[in-house]
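Just below is one structure, and these are the notes that go with it.
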Amino acid sequence: MIAVLKPSATQQQMEHICQWIRAQGVEVHVSKGQYQTILGLIGDTSRIDMELLESLEIVESVKRISEPFKSANRKFHPDDTVVEITPDIKLGGGHFQIIAGPCSVESHDQIIGIAKSVSASGATMLRGGAFKPRTSPYDFQGLKAEGLELLLEAKKITGMPIVTEIMSVEDLPLFENVDVLQVGARNMQNFDLLKHLGETRKPILLKRGLANTLKELLMSAEYIMAGGNENVILCERGIRTFETYTRNTLDLSAVPMLRELTHLPIVVDPSHATGTARLVEPMALAAAAAGADGIMVEVHNDPIHALCDGAQSLTPAQFDSLAQKIFKVRRAVTE
Amino acid sequence: MIAVLKPSATQQQMEHICQWIRAQGVEVHVSKGQYQTILGLIGDTSRIDMELLESLEIVESVKRISEPFKSANRKFHPDDTVVEITPDIKLGGGHFQIIAGPCSVESHDQIIGIAKSVSASGATMLRGGAFKPRTSPYDFQGLKAEGLELLLEAKKITGMPIVTEIMSVEDLPLFENVDVLQVGARNMQNFDLLKHLGETRKPILLKRGLANTLKELLMSAEYIMAGGNENVILCERGIRTFETYTRNTLDLSAVPMLRELTHLPIVVDPSHATGTARLVEPMALAAAAAGADGIMVEVHNDPIHALCDGAQSLTPAQFDSLAQKIFKVRRAVTE
Amino acid sequence: MIAVLKPSATQQQMEHICQWIRAQGVEVHVSKGQYQTILGLIGDTSRIDMELLESLEIVESVKRISEPFKSANRKFHPDDTVVEITPDIKLGGGHFQIIAGPCSVESHDQIIGIAKSVSASGATMLRGGAFKPRTSPYDFQGLKAEGLELLLEAKKITGMPIVTEIMSVEDLPLFENVDVLQVGARNMQNFDLLKHLGETRKPILLKRGLANTLKELLMSAEYIMAGGNENVILCERGIRTFETYTRNTLDLSAVPMLRELTHLPIVVDPSHATGTARLVEPMALAAAAAGADGIMVEVHNDPIHALCDGAQSLTPAQFDSLAQKIFKVRRAVTE
Amino acid sequence: MIAVLKPSATQQQMEHICQWIRAQGVEVHVSKGQYQTILGLIGDTSRIDMELLESLEIVESVKRISEPFKSANRKFHPDDTVVEITPDIKLGGGHFQIIAGPCSVESHDQIIGIAKSVSASGATMLRGGAFKPRTSPYDFQGLKAEGLELLLEAKKITGMPIVTEIMSVEDLPLFENVDVLQVGARNMQNFDLLKHLGETRKPILLKRGLANTLKELLMSAEYIMAGGNENVILCERGIRTFETYTRNTLDLSAVPMLRELTHLPIVVDPSHATGTARLVEPMALAAAAAGADGIMVEVHNDPIHALCDGAQSLTPAQFDSLAQKIFKVRRAVTE
């Protein structure tokens, strides 16, 4: 961390501020120039309140040099993390997966049918919501425990590992046999939930919040990793902007940017980002071209009767066509 | 809800769609014009997936006419809600309160000292964080249970009701004697937490999320009210925009806009919105002029040594001056 | 346009409003339901002030059904527009072009050298700024007329058509031999400039403003087309969001969304959107995968000494590698 | 400007970069610490391309210390600028004015009638649009030259100075007798127009663009001031955010923030920001409480028949009530 003092700062004021910094266990290196004095803060500067320092009368400006995330930082962990979902299915470090399935689990026939179909098209992981976060308390909230059981049955039948959202710490015991626990965009900064997930060793699919920066996404990954769970998969799913034609704005530059900042795998969800089935194919292909490690797509056998998010679901036939194109684009950019 | 059909829609297609709507328990009123056919959906249209309807081949566009929030809606409850914090202290419907205190509870002397001071200046409710949501897992997370005890002691000594944040359902028993439970911006859509708070009868101070619309804020209030708890206080605390000089952008037009939409009381927090002590006074006065029912301000006896958010805290002397000005502005707009 | 009246509206009020609408040359079709009355406005509703109508006491809500853009609307012009840049080079309707060159024209040797190099790599159009819009009046403002002459010389030598920005109506005569006139993001709603460009028959590359919706982009295209100039090329170049790691957020979903809404060709500029050379390749490939009709990339032979935007420029070698990958991805999605 | 080098930087690389900086006329002060090397750039660093410097292989990060605006900067001009509109009417430095009038000038009777009425209520400057920037080419574009003549007639009759928008350099001669030239939000970065206005000595009311930061607003003021015209009045009129209940989000914290950064006067326009007449009063009062130097309000004698923006106009009676409240709030915060 670097603090630049105002030219008006007296020697005494400077010494007082250095003392305050050292009292927090951080070393200070003073560099007095002709026009300005610069303090270099060395050590664990995460203890220093940067905004407070900046607000002091004699301080011109403060800049954090090192990123506040550590476990997730590529600088300290140059190799890509490979998350092992099952012994056969890995994500990251060159391992690419398509995750597909309905928004909500609705019935035995629905989930088994879709699972078989997307598996035949090339999807290797099954998604489906049992606990659903809905903006309105009056909307369908998911089949809950029963939905989880149907997902586990689909897993048994098709062999596909399952990804499903957890909304509450209380429900954790129900997720014992779930392969990947998803943290939804609205819970990205539910720090209490993140801490509890850090105590498990389950792969966590962490969705970026609608208005969260990449730095905040990485800090939330850090919450999970600080507990000892390094199996974190990041997911870009669109951010909130002023544009209204699309539900959210899919920020695909997040893929190469996160690639630089972190070693964690990165998945893209074009279904929730766009909210419209017609836009899913071009954005899924763009995500593959941008270098995503995985793509998560909503598929429903009967979108018009889906209990939620039918508007953004592909039919199995549309998904089949998309999956082949995704593989083609991926070959074009990796071979 | 209104659905406009495309001119290309056939009679059969129209009948099919009407059937689908009626199957969801909603009546349809068809109005065939020379150029377009309009369907008026009547009844509990909250069951209809508006985006799905809009995505149908033959549908031109869909518009929701009635607001999706009911309990919070002023249309069905024209009178202002007055939340009774204590028999003496009420908020809303003409009852105006200043809530003040430190960001975090740090020690017995700190909280008691600040409480006495802000009370003498005119504050009627004491705020202070015991459980702190921090972006980084490495930052100070609050004194937790011990912090709550110190707050309760300050309450006993000064008689001021206390407002403090709850982050987890598991902690609920600890809040038994807390007067107002705050839901932080990052938990505004932690629906699991909202549902549990709906089962209590405690006043809830619900902060608007950084990137949440007023409609979403009201839908989150609706989650609490749907459980039977009507003691909800809304809090505007700044939204995320592209501007970087201020931490967030305080959306003061939310005050008169919410006033129209809902009967719930509205409080403004200029400290978190601006992130800078120097901006707190002008924005607190602006909030009073815009018609807020309450203003929540961070005050610290020693901002430079505060364990969090020192940059945005006023000193007791600054707060005293501000409180007198707030009362003056409020008189100017109400008398 | 649809207007829904409040249940409280009297017969007389309804008649008064219908009269007001008809006085503006628009027909009204009244549909009285049991619960609500709906007015269908038929004819040239672009004359009706929608916000005013919505603000009337007895009006519940108003919805515009038809898009306010006409010439640019795919509904009235289903076939893709193909803009003929030169007899040999076309853009749109399956014709794909790569536009490359430096941010600013700096010298004879620089522009000729870069032009030859990018042409050899597969670029078919040369970009380069002569008049530069800079946030600061103290920054380099371009070589102006001299820069245009150097571009025209590069065109003569390489045969590549040139694309360069016009900032002022007064400069129009200087652009006589320029092939494509670019309107920069900051001038997207400089309606005076747009009107003058509508009077020419030159191809116009219209960049989306940093905070402009797709609808506004199309309305600005409409300004040009209303003058009779149908040679408009739209350009997505990133929008302003809260994310700060990238300069802007490239909104690639704009490509398929615009494809639906309009018949005009769509180009993507990943250099200005990301502001960082390292992100240009993945985002250019993503743009090709999303279906863009062209990609515009900044290339500089000596980025470190470039007079502007050096940070986002590729070297000729990087561009050569990128161009081959772009062609590969395009084949993957079109063949 | 401060540049922090990566630990991996060699002595030779460091010397090379220092040479490059010095070649641009800027001195470098090197401070080698145990863990990092910091370069302090001293002199006219506005010549240095900060993003390019940051993109260099060996550079960790760069920070601009001094603001890029000079003439507008309060640091170099501590006293408030007072803009003299007429010998009697001043704005800034304690001089507060209410500017009122219709969105568009429509007729002789309309503008004279409104002018007399708002003057009687306490407004001291008359606003009215003759050249109108409209999103759609099919909307009413203003009475143009004829509108200016009507405004000048209203000025002759009432003695009120007039404020009206200029959209094109070509129209400048028509504005000779106009007192204050307004630059609209969409033209805030029309640098060609700003340069020409810098050559006049007319007071300029510069509106903040919908998606422009305060720094950009000040840089645009700088364009005008760099030409020698120091009579710049800044105007906050709402920014674009994700919230849709209000047309834009009025950023009132801009008032105290700009007050710190610059000596120029600051006016607030609540009419365009909110787009709704019902919200104008609370936001105008809030602006006065936040310390604005002036408030600009749209008033129309017949909002329902206004040719543009009728939805946001107050009636003369509503304005009269508002003006008295504004004076009351201003007294509360200044006396």
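The letters A, B, C and D name the chains in turn, as written, and every chain counts its residues from 1.
Keep this in mind: a contact is a pair of C-beta atoms (placed from the backbone, for glycine too) under 8 Å apart; a residue touches a chain by one contact, two chains touch by 3 or more.
None of these values were measured; they are calculated from a predicted model.
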Message: Measuring between Cα centroids, which chain is at the maximum distance from subunit B?
response: C
Message: Per the definition at the top, count C-beta pairs in contact and tell me whether B-C or C-D has more.
response: C-D
- prompt: Where the CA atoms of subunit B average out and where those of subunit C average out, how many Å apart are those spots?
  reply: 39
Task: For subunit B and subunit D, let me know how many angstrom lie between their CA-based centres, rounded off.
output: 31
- request: Return the distance between the CA-based centres of subunit C and subunit D, expressed in whole Å.
  value: 26
Contacts with two or more other chains, residues of subunit A listed in rising order: 211, 240-242, 244
- prompt: Which residues of subunit D touch subunit A in their complex?
  reply: 2, 4, 29, 31, 33-36, 38, 40, 42, 60-61, 63, 65, 211, 240-242, 244
Residue ranges of subunit D in contact with subunit B within the complex: 211, 213-215, 239, 241-246, 249-257, 260-261, 273-274, 278-279, 282-283, 285-291, 325, 328-329, 331-333
Message: Please output the residues of subunit D touching subunit C within their complex, sorted ascending.
response: 20, 46-47, 49, 51-52, 54-56, 68, 133-139, 167-170, 186-187, 189-192, 195, 209-211, 216, 219, 222-223, 226, 240, 247, 275-277, 303-304, 306, 308-312
